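Going in written order, the chains are labelled A, B and C, and every chain counts its residues from 1.
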Amino acid sequence: MTESQPPDEGSEEVLALDGITVWLSGREVLHDVCFSVRAGEFTGLIGSNGAGKTTIFRVVLGLQAPSSGRVLVAGRPRPRRNRLIGYVPQKVLLDPDVPLRARDLVALGIDGHRLGIPLPSEGRRRLVDGMLAAVDAEGFANARVGSLSGGELQRVLIAHALIGRPRLLLLDEPLANLDIASEQEVVSLLARITAQHGIAVLISAHDMNPLLPAMDRIVYLAGGKAASGTTQEVVREDVLSELYGRQVDVLQVRDRILVVAGSDAGVHHDEEAKPEYPDYPVYPGRRSQAGS
Amino acid sequence: MTGLLQDVIEPGFFSSEPVHVALVVGAVAALVSAVVGVFTVLRGQSFAGHALGDVGTTGGSGAFLVGVNPLWGFVTAAVVGAGIMELFGIRRQRGRDLATGIVLGGALGVAALFLYLDSNSVNTTGATFTVLFGSIFAINQSTVPVVVLMSLLALVTIGVLYRPLLLSSLNVDMACARGVPVRTLGVLYLLAMAVAVSLSCITIGAILSTALLIGPAAGALRLTKRPGLAMAWAALIGVASTWLGILLAYDSYYWPPVHRGWPVSFFVVTLIFLVYLVADISSERRGRQLSRQRSGRSIAARRDTPRNSNQPHSAVGGG
Amino acid sequence: MFSGFMVNTWLVATMVAVIAGVVGTFAVLRGSAFVAHAVPQAGFAGAAGASLVGLSTVWGLAVFAVMSALGIGWLSRRGRHDAMTALGLVVMLGLGALFLSFSNEYEPAIFGLLFGEVLGISNNDVLVTAVLGVLCITAIAVLYRPLLLSSVLPEIGEARGVDSRRMELCFLVVVALATTMTLPILGALLMFSLMIGPAGAARSFTRRPLPALGLSVCLAVATVWIAIAAAYEWNWPIGFFVGGLGAVFYIAGRCWARSREARVSRLAAAT
C-alpha cells in the first residue's frame, strides 16, 4: 500500500526503543514497547487517544523516564541536549499579538537553546529563507505567528524543527486539526522531506489512513503494547487481536483501512476525580502548557 | 472564665461607641461578601472583584476631595466599574487581563492625584490610610443605617435570584437553554458585587478589600462543594475574622510599640488568610487520601481480572 | 528642573525605565504580567519593615521581593489555586500597613511606597540602582535566546534541553531585582503600569522581537521623562502621570493594531 521506495537494508537505525515500560499514576501505560526507526523511513505511530503515543514521544525526548527499558538515538543512549531530534508538538498556544514573525520563529530553531542574543547575519537569513521555501511558507514568512492558520503554523514549526539538521523528526498528531486538503499537503511535504534529507520521520496519529500513501512502517499501539512492521505485517486481524486482547476485524473499503473492535468490547475509562466547579482564578495566571 | 474573658477583652470594649459601629458594619460587610463572594469564585470572576476594589481607591479618594462620606465614593466607583465591565464583557481572556491591569493603573494614578490634593487643599487627615487600609473605628454612626439598607438590598436581590443565578454561574449553556436571562442576572450580580466591595472598602480599605470578598468564600469552597453550605461557612469565617480583628485591634491600643493600636485591616486579612490556609491544607489531605484509596482499588481490580477474558478492559491511560 | 538635586532623579528614573521596558517585554510575552502586580506588594511590606527597624529600605525590599517571586513560582508549579497567592499578597499589603503604622510619619511614607517618590534620591541610591540595573540587563542579555524560546514555545524548548522551570526561576529573580529598583521611585501600585504598559503597547507597533524590546524601552523612558517634567511643573505626584501615560500608550497601541487589521482586511477584500 505504500508508494515510496523502501529504504536500503544498510540505512542507519536512528531511533531504537528496547523494552520500554512506563508506569504513570499507578497504571501501566506502556508495556515492553520495542521498535526502531531507520534513516529515510516514514513511520506512523498509530493508536487511539489515550493509547500512549504522547508518552512514547515524551520518553524519546527525555521528558519522561521509563520504568524500564532504554532508548537509543543513533546507536547511543539518549543525549541530554537533544540536537538529533526535531520535535513538532501537537498544540502550540500563541497570543495573536506576540511580536514574532514566522521567520523569527524558524530562526529560533537554529540556536534558540544557546545563550546570548542572536546577531543577524547573511548566513542566517539565507538559511531561514531556504527552509521557509522548503516548506512552502514564503508567502507568510513575515506575518505574525499568532495570526497564522493551523496548517501554516504547522509548516513553520516543521521548518523550525528541520533547520537544526536533526536526524529524526517527531510530530505529535500533526493531522489532528487539519482539513483533508491540508492533511494531504502535510503528508506529502513530510514524505518529500524524508526522501530529500534522508532523515527519519515518526508521526503519531489516531487514524492511519491519511498516512498510508507515504508510510513505510507502522507502529501500532493498543493496550499499552506495540506491534511494528510494514502495514501488511501489522494491520492484520491476528496481530491486532493479540494486541487488543479481544477480537478485532480489519476491513478494507476501497483504499481505506478500518479497524473495528469486536462486539463484546466494553471499554470504560478510570473515573478521574473531576472538580465540580471551575478553578478559582484570582489573578491572570500562566497560560496552560499544551498537551503532555 | 470571666477572668479569661477579661484578659482577652480589654475594658471598655463593649461600651465603646466606635466599637459598636465597627462590629455592625464589619458583620454586615462580611455577610454580604460571603454570599456574593461564593458566587464570584464559582463564576471565576475573582479578578473582577479585585479590579472593583482598586477602582474603589479612586472613588474613595475622590470622595474625600469633594467632602463626601467615602462610602459614596466607593459605591460610585464600584458601580461605574461594574458597568464598564459589563459593557466590555467580563470574560477572562489573555489580552483582557492586560488591558484591565493597565486601565486600573490609570485609575490608581488618578487616586494618587486625589490623595495628594486631599492632603494639600482640603483639611482631611488620614485620607490615604482610610481609603487604602480602612479606618473602621472612624466610621460615623449615621452611616450605619445606609450600610444596613444597602446590604439588605443586595442580599434580598441575591436571595430572590438564587436559583437562576446559581444555574447560570455553574452552567451557562444550560441556563440559556432553560430561558434564564443570563445577561440581566449578570448585571444584577455585578451590582451586588459593587455593594459588597464598597462595604469591604470601608471595613478594611480599598486595596485589601478583595480579601473579605474572596478569602472566606474560597476557604468555604475548599471545605464543601455545596453552594448554600459554602455561603454559611463563608459568613461564619468572615464575621468571625472581622469581629476577632476588631477585638484584637481594640486590645492593641495598649500594645507596643506606639500604643496607638494596630490596624484592624491587618488582623482581619491575616485571620482570613490563616483560615484559608487551614481549609486548603485539610482539603488537600482529604483529596490525597481519596485518590490513594481509589488507585489502590483499581490496581487490585486489574490484577484480579484475567487478560483475555470477555470482561471489559479499563482503557489504559496515558496517551 | 535639571538643577543639582534633580539630576539624581533623572538618572535613576531613566535606568528604572530601561529595566522596566526590558523586563516588562518578557513578562508580557510569558503571560505572567500579574507577577509585576504581585511582587511589588510583597516588596512594599519588606520596604516598610526595613524602614521600621532602621535598615535601608533596599534590603527589606530586595529580600521580600525575591522571596515572594520564588514563592509565587513555587506555588504555581505545585498547581496551587490562585486564591492562596492572592490572599498571601493581600496579607503582605496588610503587613506593610502594620509596619508603617508604627512610625510617626506614616501617611507620607505610605504614599511614597505605594504611589512613588521622586525627591530625596541620594548618590548612594543612584549607585545601588545602577548596580541592580546592570545585573538585570546582563541576566536578560545572557538568557535572551533560551528565555524567548521557552516563553513562546515551552514544549519545544523542553525538547531542546531548555528547562522551563529553570528559566522561570531566573526570570522571577530578575523581576524581583527590577522591583527592588523600581518600587522606591514609582511605588508598589504603579510599577505595574511602567512595566506592562510600554511592553503591551510596543507589541502592537512591531512584529519583530528585538525591535519590540527596543520600542518598549523607548516608550518607558519617554513615560518617565514626561512624568518627571510634569510632576516638577505642577507638583502633582509622578504616579498619576506614569499610570496615565501607561494607559495612553497601551490604548494607542491597540487602536493602531485595530486600524492596521481593518486596513489589511479592506485590502484583502478589494483584491
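Please note the rule applied: a residue touches a chain if its C-beta (ideal position, glycine included) is under 8 Å from a C-beta of that chain, and two chains touch if they have at least 3 such contacts.
Everything numeric in this text was worked out from a predicted model, so none of it was measured.
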{"item": "Chain-chain pair with the highest tally of contacting C-beta pairs", "value": "B-C"}
{"item": "Closest chain to global C-alpha mean, per-chain Cα centroids", "value": "C"}
{"item": "Most remote chain, CA-based centroid, reference being subunit B", "value": "A"}
{"item": "Chain centre separation (subunit A, subunit C; CA means) in Å", "value": "39"}
{"item": "Rounded Å distance between subunit B and subunit C, as computed from the means of their C-alpha atoms", "value": "27"}
{"item": "Distance between the centres, which are taken as Cα means, of subunit B and subunit A, whole angstrom", "value": "46"}
{"item": "Touching two or more other chains - residue numbers and ranges from subunit C", "value": "31, 33-34, 37, 81-83, 86"}
{"item": "Residues of subunit B whose C-beta touches two or more other chains", "value": "41, 46, 50, 94, 97-98, 101, 210, 214, 218"}
{"item": "Where subunit A touches two or more other chains at once, by residue number", "value": "95, 97, 279-284, 287"}
{"item": "Subunit C partner contacts - residues on subunit A that touch it in the complex", "value": "61, 63, 80-82, 85, 87-89, 92, 94-95, 97-101, 104-105, 108, 111-118, 142-145, 157, 160-161, 279-287, 289-291"}
{"item": "Sites on subunit B touched by subunit C in the complex", "value": "41, 46, 50, 94, 97-99, 101-103, 105-113, 115-116, 119, 125-126, 128-129, 132-133, 205, 207-208, 210-211, 214-215, 218, 257-258, 260, 262-263, 265-266, 269-270, 272-273, 276-277, 280"}
{"item": "Residue ranges of subunit C touching subunit A (in the complex, touch as defined)", "value": "29-34, 37-38, 76, 81-83, 85-86, 141-146, 148-149, 152-162, 202-204, 206-212, 257"}
{"item": "Residues of subunit C that touch subunit B when the two form their complex", "value": "28, 31, 33-34, 37, 80-84, 86-88, 90-91, 93-95, 97-98, 101-102, 104, 106-107, 110-111, 114-116, 187, 189-190, 192-193, 196-197, 200, 236-237, 239-244, 246-247, 250, 254"}
